[in-house]
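What follows is a set of structures for review.
Common to both upcoming complexes is subunit A, partnered first by subunit B, then by subunit C.
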Partner chain A sequence: MVVVAEGLDRLFEALRRREFTVVGPTVRDGAIVYDELESAADLPTGWTDEQDGGHYRLERRDDEAVFGYVVGPHSWKRYLHPPFLRLWRAEKRDDGFQVARDEAPRKPYAFLGVRSCELHAIAIQDRVFLEGEHVDPIYRERRENAFIVAVNCGQAGGTCFCVSMNTGPKASQGFDLALTEVLEDGRHYFVVESGSDRGAELLAELGGSEATEVELTAAEVAVKNAVGQMGRSLETEGLKELLYRNYEHPRWDQVAERCLACTNCTMVCPTCFCSSVEDVSDLDGEGAERWRTWDSCFSGEFSYIHGGNVRQTVKSRYRQWMTHKLATWYDQFGSSGCVGCGRCITWCPVAIDITEEAAAIRLDDRPSEQ
Partner chain B sequence: MVPHPFRVERVQRETADTFTLTLEPAAAGIEIRYRPGQFNMLYLFGVGEVPISVSGDAASPVPLLHTVRVAGAVTRGICELGRGGTVGVRGPYGTPWPVEQAEGSDLLVIAGGIGLAPLRSVVYHLMAHREKYGRVAILYGTRSPDDLLYRSEVEQWRGRFDLDVDVTVDHAGLNWHGRVGVVTTLIQQAQFDPDNTVAMVCGPEIMMRFCVRELEDQGVDLGDIHISMERNMKCAVGFCGHCQFGPEFICKDGPVFSYQRIADLLDVREV
Partner chain C sequence: MAVVEKSKPKIAVWKFASCDGCQLSLLNCEDELLNLLGEVEIGYFLEASRATVEGPYDLSLVEGSITTPHDAERIHSVRRRSRHLVTIGACATAGGIQALRNFQDVEEFTSIVYASPQYISTLRKSTAIADHVKVDLELRGCPIDKGQLLEVIGAFLAGRKPGIPSHSVCLECKRQGTVCVMVAHGTPCLGPVTQAGCRALCPSYSRGCFGCFGPMESPNTASLSDRWRQLGEGNHNLIRAFRTFNAYADAFRKESEALEVLGTRDAR
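Here is the complex of A and B:
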């Protein structure tokens, strides 16, 4: 189907009628972030982002593209796996205490503007939180009913490498609707594809028309352009084995000299899932709560056990992070832990680049004797 | 993932800083059935939650026994609760000691310090099924005689004709008449058939490494040696990421591993 640009208003209305809280991209503090949106007017129309290692800048576009940027510092994990969340509250009673989980009913989310790499990142977190022996009830509640409107990328960013990771730029699965934005010959429209029954049902309310051959081709060309614009690339052939046999590579020492262990890369990464808990009690001691917060393998206390931190050096922490993303993740969850979104490269204050680090080790493969 | 309140029925002092808690569920219908080597998360109201192995007899899961050494705020608070106090419990988690797979073999139970706690469940199991195992040796080492856990119980085990129990300490005063030396020396003296032995080792990582080396020297297959690993844990169900050890999550793939499975990782520092 083809929906004209104004159809986005109807999309918002249709989602609201279904009682969704719409979350999508918007401009704030010089970046495109994800937040709850009121209407299509909140979308970052006419903006794009320039990205490179340690560099991010918003720029005005010379057109009215709504999704003419790539990805910003936020990812959907903010909503599915919130950075700060109360898990439960306990009250003292005569016979001890009673624990109650927070089960406030909430409106389900509709995520608008989910990129293909992000769909893959969500699928990766699904494997962590839903598909193992244990299920995270919080993630499940938020994930189960979420409505996903994907956007196929019509341009790639300076730090993107989804083509290497086989995760984009075109959404192939895991969405209710997928849009491809086309600006051509004075026209501005979206080619919309549905990926589920409820997506198809909603699509019927957007007042679109059947897509013509010309329009479909224009959408395809847009995505093809993005393929040709990948700012980075990563050779994944044998990557897991490469990293497993290079635990003692000198490159880890070199990257550790630059890494500030600031944790930025883990906070912006859409697949990083590590968390910590904080137990707190009321001043009168009658109530207590457990909060879950995002945590990072770059922090010292992360690996603390009685007597000291297991990973004392920054070298061991960077190695843990990158080896997890690109090697151990395969053994844990059956896929790469990296989707090639480039966020960790863009938001690293010293421009450390996961693709460059992996390439350096590949170039100087030094199997450690074991 | 939510702790169940358990009442402390009894606190038994084991050493100056280690206590065994006997816990009963505060509400009816809660029962934690576990296997030797598994652990629970113990929650101290408003303070925090820590992984602690079950140290009781898995065949009778109520009451629940945990042996806790005071290490910091949570373990101290738990040990100070006293009779009638309440502790939150969720579990059981993790992999058990391979007591069934070990049937028909000689068994070496090797513990260092507090490491005897999770292995005590193994001892209960093998005493109840003694006929299923070959020779059984329990080798126990601590820093000093004051650090020995379950002293009278270990004496009872020693009195059994079908168990070889040997105890050593690193340092001792004049009133200690037992062995002095590291626990590896006990391995050299134990009676077992290296080709048909399963070893279960728990203690400080360094102690386990030395034991494994000694067992290997004696000809025990690395796949027949099992150790229990410790790492920081916040959730115990594989979500928090803290306990990762290479590809392994200590909380769900462990804590008990065959040595063979993790030998390469143990050779790398700071994994």
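Here is the complex of A and C:
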């Protein structure tokens, strides 16, 4: 189907009628971030982003593209796996404790503007949180009813490498609706496909028309352009084995000299899922709360176990993180832990580049003696 | 079961060379102050009351740095009367802004500033309390964060470990969704080498971090300095950034001294 640009207003209305909280891209503090949106007017129309290692700039476009940017510092895990969450509160009673969980009724989320790499990241977190022996009920509750409006990328950023990771730029799975934005010959429209029954139902309310061959081709060309614009690439052939046999490679020392262990890469990574659980108590000892917060393998306390820290050096922390993303993740969860979104490259304050680090090791393969 | 009325822990607040801002953080706990007074006895807190109670004290909060021979003696007396001693603020934990003297000749200062410098009895260096006595916990910040102070007192009362993180400010920025000022605006920021605790206050107002909470657990100051230079900051500005409230904290001191060796030739 083809929906004109004004159809976005109808999309918001249709999502609201279904009682969704719409979350999507908006401009704030010099970046395109994800936040709760009121209407299509909140979308970053006419804005784009320029990205490179340790570098992000919000820029004006010379057209009115709504989704003419790549990905920003936020990812959807902020909503599916929140950075701060009170798990419970306990209060003292004469006969013990009364424990109350926070189960306020919440409207389901509609995520608007989800990129293909992000769909893959969500699928990865699904495997982490929903499959296997231990299911995370918090993630499940937020994920189950979420409505996903994907956007196929019409351009790639300076740190993108989804083509290498086989995760984009065209959305292939995991969406209710997928939009491709086309600005051509004075026309501005979206080619929309549905990926689910409820997506098809909603699409029928957007007042679109059947897509013509010309329109479909224009959408295809837009996505093809993005394929050719990838700012980074990563050779994945034999990558797991390469990293496994290079645990003692001198490159780890070199990257540790630059690494700030500031945790930014793990925070912006859409698949990193680690958290910490902390208890706090009231001053009068009558109540206590348990909070879950995002944590990072780059912090010292994270790898502190009884008797000491198992990863004392920054070198060991960087090696653990990168090897987890690109190698051990396969053994643990059956896929790569990296989707090629490029956030860890852009948002590293000192521009450490995971693709560059992997390439350097490949170029100088030095199997360590076992 | 017989209920035994337990006596309230006695708290003392001591001042050394400082501006009183950290003690004020305790008085600023307006909403929690009455609750707190229900749980502890304030034994010594001159900023709040002239009335004092004899020691020993269960918990001493010590503000300020050691800058005089008299204070270097007095801190030992405080320690002897304290079961637990927690230092609060950049002065007590790193020597404070007054530790800038440590990089200069103090006698030269006193000869210029005071009409009769012979009456001035001061040490050559302003030093942290932990350089003089055993400290049980250091609470960072200029000033300290009142939430962290209440966490320390609450943990002390509950007999549990306080949740005072030593990771970077970046983690706080990212958790709360603050856009990185360094990456997105090109604003020099000390956040990656600074300990969290302020809820990333300055970056949340689009300012770079000033390093009020001192060095984080694994501060890679040299790498951050390299990045600041790429952003156009000269060594002169870098030295000034590392030499503020926590100038004499080990990692910041070493970096500023290394930068001094490099020279200020590209100062701007």
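We take it that the second predicted complex is superposed on the first by the 369 of 370 C-alpha atoms of A that agree within 3 Å, B and C clash if a C-alpha of one lies under 4 Å from a C-alpha of the other, contacts with A are read in each partner's own complex, and residues count from 1 in each chain.
The definition used in the following text is that a residue touches a chain if its C-beta (ideal position, glycine included) is under 8 Å from a C-beta of that chain, and two chains touch if they have at least 3 such contacts.
Computed from a prediction, not measured in an experiment: that's the story for all the values here.
K.L.:
Could you say whether A:Val99 touches subunit B, subunit C, both of them, or neither, answering first, second, both or neither?
P.N.:
first
K.L.:
Looking at A:Ala261, would you say it contacts subunit B, subunit C, both, or neither? Reply first, second, both or neither.
P.N.:
It touches subunit C, and subunit B stays clear.
K.L.:
Would you check which partner chain A:Phe84 touches, where first means subunit B only, second means subunit C only, and both and neither mean what they say?
P.N.:
second
K.L.:
In the overlaid three-chain picture, which partner chain does A:Asp42 touch, first (subunit B) or second (subunit C), both, or neither?
P.N.:
Touch partners of A:Asp42: none, neither subunit B nor subunit C.
K.L.:
For A:Gly132 in the superposed arrangement: first (subunit B), second (subunit C), both or neither?
P.N.:
First partner only, subunit B.
K.L.:
Quick check on the superposed pair: does A:Asp284 touch subunit B, subunit C, both, or neither? Answer first, second, both or neither.
P.N.:
A:Asp284 sits against subunit C, while subunit B stays out of touch.
K.L.:
With both complexes superposed on chain A, which partner does A:Pro73 reach: first (subunit B), second (subunit C), both or neither?
P.N.:
Only subunit C is touched by A:Pro73; subunit B is not.
K.L.:
Applying the document's definition of touch, where does A:Arg311 land relative to subunit B and subunit C: first, second, both, or neither?
P.N.:
First partner only.
K.L.:
Return first, second, both or neither, reflecting whether A:Gly30 touches subunit B, subunit C, both chains, or no partner chain.
P.N.:
Second partner only, subunit C.
K.L.:
Could you tell me which stretches of subunit A are touched by subunit B in one complex and by subunit C in the other?
P.N.:
Shared contact residues on subunit A: 279-282, 285.
K.L.:
Looking at the complex, which residues from subunit A come into contact with subunit C?
P.N.:
28-31, 33, 54-58, 73-74, 78, 83-84, 257-264, 267-268, 278-285, 293-294, 296, 298-301, 314, 346-351
K.L.:
Hey, which residues of subunit B end up touching subunit A in the complex?
P.N.:
The touching residues are 1-5, 7, 26, 43, 45-49, 71-72, 86, 88, 230-232, 234-235, 237-242, 244, 246-247, 249, 252, 264, 267-271.
K.L.:
Which of the residues in subunit A come into contact with subunit B in the complex?
P.N.:
The touching residues are 87-88, 90, 92, 95-99, 101, 128-129, 132-134, 136-137, 247-248, 273-277, 279-282, 285, 288, 290, 295, 297, 302-306, 310-313, 315-316, 320, 323-324, 327-328, 331-332, 368, 370.
K.L.:
Once bound in the complex, which stretches of subunit C touch subunit A?
P.N.:
Checking each residue of subunit C against subunit A gives 32, 35-36, 38-39, 150-151, 153-155, 157-158, 160, 163, 165-168, 170-171, 174-180, 182-185, 189, 191-193, 206, 217-218, 220, 222-224, 226-227.
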